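Take a look at the following structure, please.
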Amino acid sequence: MSDGRHEGGRDASPDASVDFATFVDLVTLYQAYASALDARQYERWPEFFIDDCVYRLQPRENFDRGLPLATMAFESKGMLKDRVYGIRETLFHDPYYQRHVVGAPLVRAFKPGRIESEANYAVFRTKLDGPSTVFNVGRYLDVVVATAEGLKFASRTVVFDSEMIPNSIIYPI
Amino acid sequence: MSDGRHEGGRDASPDASVDFATFVDLVTLYQAYASALDARQYERWPEFFIDDCVYRLQPRENFDRGLPLATMAFESKGMLKDRVYGIRETLFHDPYYQRHVVGAPLVRAFKPGRIESEANYAVFRTKLDGPSTVFNVGRYLDVVVATAEGLKFASRTVVFDSEMIPNSIIYPI
Amino acid sequence: MSDGRHEGGRDASPDASVDFATFVDLVTLYQAYASALDARQYERWPEFFIDDCVYRLQPRENFDRGLPLATMAFESKGMLKDRVYGIRETLFHDPYYQRHVVGAPLVRAFKPGRIESEANYAVFRTKLDGPSTVFNVGRYLDVVVATAEGLKFASRTVVFDSEMIPNSIIYPI
């Protein structure tokens, strides 16, 4: 039972056998990322990435068709930091809370120092004096690498299911 | 701390001490199953089950009362494959996306080669040009067994909370 | 990769290296708690806590500002048991189902016998003959301790995002 990876869905990979510490580190990375965003600590957001990183936020329709159009697309930590500056400007004008509920990561490939993984997520939005509603659901597609400061994202692609909301996405998912 | 299983809620079981590899395999099975369905790769769905399997989808009211009525009830992998054929016919007529967010599995019993586990889930639905909404929430009740191809479901019972939607459930949950 | 905890988001802590058995026990505690509440087994709820415990349910606005006002605040297992008695009285008058979907726990601090952890959650509500809807989303902030009966909550603070629903929260989250 312990040496056979799940193959039923053809997800088997000889690379996919993460050790325990790495698995917990990966879960921690995912949840810490969500926690920082939900706490509106946006200045922490770029620190989850390496310097030479990619962050893309894209509707599923475009992603599945291989279209390059994205709601957000950044190609370095510097660009993420610029975005954070812009976010700070908007925070006081349209206050609402976000809450990420993220599934356990599914490791697609693993070799020491590098993980390809994905996870489903739902983000709920709560406006002042309003109820909590579904804001955005989709999937993270990630490349995670080991650094001296722990695991970080080399690439995070956020593919969301609805095409209705791209213009109103101000904060990273 | 490491030898006492959680007993507060009377979930304790001397059988419930899974090893790390099995735990990660189980998490992977759950997430890979959700990922395949959300990607609309329905032909992969039967491959998450053993040949002699049970899949049931049932409203909570019926399940709690022990009533046999189910929205879907299949008793072999062959029946699952027949269902996939039917699904393929409908895919083009009512296009919408599903997204599963699944909690970590709760292991109720474990012996080598056999796990009884459950997990809560929420499925969100997104129609073209529409927002993402809550479609179906409930609980998976599973019997998972070890095979030469990794962990597979011997039995998956999906118990959903709402009675309103059984007729509109086309795709497996 | 296995010795560096995630530091990107400044969540690093030399205390945070849980062992595998503790991690699975913690995940199990979170999911068993949710499962008991969703099954309406409210008499089991106090048993997830030690005798000298704290349970608080508080809107985020108050929590963030350090205001003491809470929707529920109990300071012993005895008080939780009293609450259960009150819940039993209301169960037949306003029947609805709850369903918790809880993310993986994020361990903030760990030393043998004591864990500080948190997790995001979404609770869905289903009324008879109605659809499932988002009821309450937020974050658990917990202190978990080892006991002879396994892990239990010394403190569970539930911080929810919406201010709209405090009066209608009858059941614990």
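Every chain is named by a letter (A, B and C) in the order it is written, and numbering of its residues begins at 1.
Operating definition for what follows: a contact is a pair of C-beta atoms (placed from the backbone, for glycine too) under 8 Å apart; a residue touches a chain by one contact, two chains touch by 3 or more.
Just so it is clear, the structure is predicted and the values come from calculations on it, not from any experiment.
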Task: Angle of the C-alpha superposing rotation, subunit A to subunit B, to the nearest 5 degrees - done: 120
- [ ] Count the residue numbers both subunit B and subunit C use at their shared interface, divide by all numbers used there, and answer same if that is over half, different if under half.
- [x] different
- [ ] Take the average of all CA coordinates in subunit B, do the same for subunit C, and state the distance between these two points in whole angstrom.
- [x] 24
TODO: Spell out, as numbers or ranges, the residues of subunit A touching 2 or more other chains.
DONE: 20, 101-104, 122, 134
Task: Sites on subunit B touched by subunit C in the complex - done: 1-12, 16-18, 20, 23, 60, 101-107, 118-122, 134-139, 161-165
Open item on the list: Which residues of subunit C touch subunit B once you look at their complex with the stated criterion?
Closed with: 19-22, 24-25, 27-36, 38, 41, 44, 47-49, 97, 99-104, 112-113, 122, 124, 126, 128-134, 146-152
